[in-house]
Amino acid sequence: MVNVGVLGATGMVGQRFIQLLDSHPDFNLTSLTASSRSAGKRYEDATTWYLDDSMPESVKDIVVTDTNVDEVSYDVDILFSSLPTETAAIVEPKFAKNYIVASNASAMRMEKDVPLVIPEVNHEFLDLIEIQQKNRGWDGFIVTNPNCSTIALTLTLKPIYDNFNIKKVYVSTMQAVSGAGYSGVSSMAIIDNLIPYIGSEEEKMESETLQLLGSIENGKISNANFRISASCHRVAVIDGHTEAVFVELEDNANIGDIKTKMSNFKSLPQELDLYSAPKNPIIIKEEDDRPQPRLDRNSSNGMGVTVGRLRKDIISNNSFKYVLVGHNTIRGAAGASILNAELINKTIL
Amino acid sequence: MVNVGVLGATGMVGQRFIQLLDSHPDFNLTSLTASSRSAGKRYEDATTWYLDDSMPESVKDIVVTDTNVDEVSYDVDILFSSLPTETAAIVEPKFAKNYIVASNASAMRMEKDVPLVIPEVNHEFLDLIEIQQKNRGWDGFIVTNPNCSTIALTLTLKPIYDNFNIKKVYVSTMQAVSGAGYSGVSSMAIIDNLIPYIGSEEEKMESETLQLLGSIENGKISNANFRISASCHRVAVIDGHTEAVFVELEDNANIGDIKTKMSNFKSLPQELDLYSAPKNPIIIKEEDDRPQPRLDRNSSNGMGVTVGRLRKDIISNNSFKYVLVGHNTIRGAAGASILNAELINKTIL
Amino acid sequence: MVNVGVLGATGMVGQRFIQLLDSHPDFNLTSLTASSRSAGKRYEDATTWYLDDSMPESVKDIVVTDTNVDEVSYDVDILFSSLPTETAAIVEPKFAKNYIVASNASAMRMEKDVPLVIPEVNHEFLDLIEIQQKNRGWDGFIVTNPNCSTIALTLTLKPIYDNFNIKKVYVSTMQAVSGAGYSGVSSMAIIDNLIPYIGSEEEKMESETLQLLGSIENGKISNANFRISASCHRVAVIDGHTEAVFVELEDNANIGDIKTKMSNFKSLPQELDLYSAPKNPIIIKEEDDRPQPRLDRNSSNGMGVTVGRLRKDIISNNSFKYVLVGHNTIRGAAGASILNAELINKTIL
Amino acid sequence: MVNVGVLGATGMVGQRFIQLLDSHPDFNLTSLTASSRSAGKRYEDATTWYLDDSMPESVKDIVVTDTNVDEVSYDVDILFSSLPTETAAIVEPKFAKNYIVASNASAMRMEKDVPLVIPEVNHEFLDLIEIQQKNRGWDGFIVTNPNCSTIALTLTLKPIYDNFNIKKVYVSTMQAVSGAGYSGVSSMAIIDNLIPYIGSEEEKMESETLQLLGSIENGKISNANFRISASCHRVAVIDGHTEAVFVELEDNANIGDIKTKMSNFKSLPQELDLYSAPKNPIIIKEEDDRPQPRLDRNSSNGMGVTVGRLRKDIISNNSFKYVLVGHNTIRGAAGASILNAELINKTIL
């Protein structure tokens, strides 16, 4: 068992980390940090628990430490981070001197020597770790996972990218409110309404996707070579991002082939049989009216992405379209960092 | 004053007709039809009223007649139709022998001699009326308006189509539940959820848009010559369809130009100062988080379409994208038929 | 293992039966019935599955039979019924000739020889079974459970009734839409809205509660002797009924005592360690803002009722009030029938 | 025309003040204050507008002043206050030295010399103004209106209190999220959920109601002499509080009589024909499923309270129950203060 901790443990994603780590066979959760306001309190006293499943007994008595205090030393190998961007930018590098930081924060994602990884998509980017440690003189290191909407999209594009020539991708999202944190979206803003804007989300989807599908050689990443455009919207859904995806290939699109490649898609996490890895990263639904966030977000314990309405697109012979649903705080956040850590634990530690 | 009636007066769109006609300066509502179940009852007794504004006093005592009974003769010139498709297919042609039928039903939309019209977009299609009457030997005629999501989209594409060369359009919709009729979407289907499918909606958007932007010569319509692809989704919103639109032009896209053409767009209904015509068919919003259905659906009494997030698209130099909101049961249904009737009343009767 | 079947297996409560029976240690689900429309089809083909967990593999291939066809014989001992009232009134008596019918339908609840039972509250009413079989010459029998909102209320009143003298109870409910069946509440009716009326619900709560808390002697039931008034309302919640309860006692109300009696409450199902019985039927929450339906409905696998805001009532020294949440389609429907069957299986079969 | 201003003009209730004052025949809106962050900006630039109707043109260019800066002098007679409690406690007494403050804040409501008034219920409490001015040496004065849920309840109880002997009232509320301010209720808290707690709300309903129905003699208020208990809950509704009310009289309850007294109820605002006064403060609905917040909140421009389901209560011969809906930010907040000011303008100024 590897001892682990969670940085920013009282927030929405922090709670998902705790929920997912509760019965983990390889990771033993021993440390929790939060802001100074919570420091010194038992986790149960410091936290308003938001999830449907109740707070695991095992964390209630853990005394929360202050994320920002340097002197604390943690008896852990891995620290999961669900810190706000600004805090992450400051403290993650400090922690990386001694610990492995598996981060869901966006602060370090675009650093040239910090791997941005989805284990099924670009596990080879972990090669950057050695460079990172050398560059920065750290004993630990930082590994990051992408933005929630990017992860779901990129997982479904991966078998297409590997087997066909993608020319363009248009994606229009309908994202759950949990993606903005507990207080991120007011009820006044979303009842009988939707918000056609999520700050920086489109930019993240447009840049991260191309990097994730790119290649790495001698520590240098070459982005994938196609065009992508995103339009991001917030809807009245608790968990589960839905995305309408339009793909133009360079060549003729054969729906049968595409479907086969998507449903058969497996990668390293499946080969290594990592604990959180879904048996099939992509689940294809044939019903007209699926996927739906409430019915499909929990597929494969929230780690699978469900694809439906896969169909030819009238716009050209080379085009097709589909709809996907992925759980934004599991596959798209806490579960993504944990899968990264499982991969590191199995292949590097 | 022209006497008018409403076919299918008890349903959701029927009620919008009644609401909009209540204080109309040119139309005097005298006749209401519904299914045999309601026939013979006072309208107030036959109807569960769904709208926020209460039922107009003037219609409460009108005795509802049976849509399907042939012998009734109506003292009206114009019959507005919000009939279900199957019923419309049967009765609209019968009524057209003697009356002008301004229909929101889809049954007759694709008939070659039946004009499918948005007054701001293709009023010249009314030339088909003469042909229709000749072909069919009718004294009256049928004029139709498009599907709700098509109307909002096409209104915003019109000034672009007229001033630039459109190559491709992708549109992803987030549509209100009222579009499916009162019982069309169960609460179980939409709370904490969305439905990524609306039967025939994508096909309608893809075909109707090209026809509406087409041209007519000697009674023959030539479709507009670009490609369009739609993905349609239902979200937890009462009224107001939101659409994310991606446009590729043949040439460089200049956002300033496009914005000017959209916000300055006016057409025949504005020139004729038709009662229901919005002063500006397209309202541009500059705020990042607009348009929103609850805040923008009622613009210009529900007859304006609000456009926001108009921006360059990273996907190519020739591309831009935007989000629109239009009221689906006003601009997209009852108000559309009424505006058609106002145009006919002013230019033909 | 006892073979069991579900009557009305394709509806909302039917699906809950299937979900709860899937891994049941004592019951083996072998038969499923539905309307003639579904008869002859595989269950998977006959059913649109509404629950978040996916359809159990074990039922997909079961061929659905027609509920209304008499000649079918089922290789089961127990038939769970989630039939509509009218169908239940006709077919449950037929099935009771040969099978045990554990019914969630209201049709037979108020028959004098049919036990209406919550195992924790009035298991002794099962004495009626012998009388029922004698009266009607049946080899099987019918046992029923109460209405969903009644079950949650009565469970919380039971320890109060047993230990104090209740004078009056006022209850105002905020009920989930699933209680009305999949198509029972339109999305148009509930988004940004609530419906202050549920047909017959108040009458059921007012009559069933007094019967359940009553006593039985020589096969005759005497109702509990206090007054109860209900006001029932539908709100935009998928699952989980919330009820605000005001209780007047004959004597001084001591909150500490009441809380102890509620949280310590156990009964026969707990003693017998029935599979579906919650360890504690009533869970007390101390947080100001609990219970909440989304967070508390799944307590004890949906079989516990969560009570919060237990407080003195300013209205008199003898008064107190609280709020409860119970899962309406588990504890309040399918789970209730299954717990009845477990009790019968352990004590009678 | 009387010049008026709004204190706290950028918030939810502040916006309602502006909307309602826009076309007011007697009040001319000239001054707007907000926090220092907004001070110095044009109102349009300082404000994110939340209401469905768009921001009135007339206020866009008004330069916002800082509520907390003493030196500003306003060319107004009346200042409407929608300040947060803590700010109101500090600044309202300062403003009252020179201006009439018609306040929706709760800070000064329970001061012995500050009238808490609903014009239809207890306009005679305005007698306190003279005492207040004398006590405090002010040229202006403060008049307050009650809490939103109290106003709707008390309006419906007034004709009952005046004509029958009320013994007890139980009320269970289902309140709209706008009552908590724009950011008061997170979307995570209310989608597929409800919150069974609103801080201090029950206490306000229980104390304010008895005061409002009380009497005043020589400047001393005697509370009404019955018992009242409230349980308050937040539901997924934008605007419009719904309340389930149970009333016990000392004597037999005759529903016909009660209904007549309610529907005929008129008071001083109706006699004086005040601009914002509804023709009938109480509207009775006979339909089973009314009142509903979305359909009934705007009755009489949001100033009427709609009562439905008025029925005998089985709990005793002296009991009855009903459901009410009132608009919480119009009748329950901004409209209440404006009606108070209209009454003062007509009777005192």
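Each chain carries a letter (A, B, C and D) given by its place in the written order, and its residues are counted from 1.
Operating definition for what follows: contacts are C-beta pairs under 8 Å (C-beta built on N, C-alpha and C of every residue); 3 or more make two chains touch, one makes a residue touch a chain.
None of the values given here were measured: they were computed from a predicted structure.
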Task: Farthest from chain C by Cα centre, which chain is it? Let me know.
output: B
- line: When B-D and C-D are ranked by contacting C-beta pairs, first comes C-D
Query: In whole angstrom, what separates the CA-based centres of chain C and chain D?
result: 41
Query: In whole angstrom, what separates the CA-based centres of chain B and chain C?
result: 47
Task: Specify, in ascending order, the residues of chain C that touch 2 or more different other chains.
output: 50, 191-192, 236-238, 294-295
- prompt: Touching chain C in the complex: which residues of chain D?
  reply: 168, 170, 172, 174, 192-197, 199, 206, 227-229, 231, 233, 235-238, 242, 244, 246, 288-295, 308-309, 313-316, 319, 321, 323
Message: Under the stated contact criterion, what part of chain A meets chain D in this complex?
response: 12, 50, 177-178, 182-192, 236-238
Message: Going by the contact rule set out above, which residues of chain A touch chain C in the complex?
response: 50-54, 191-192, 238, 294-295, 298-299
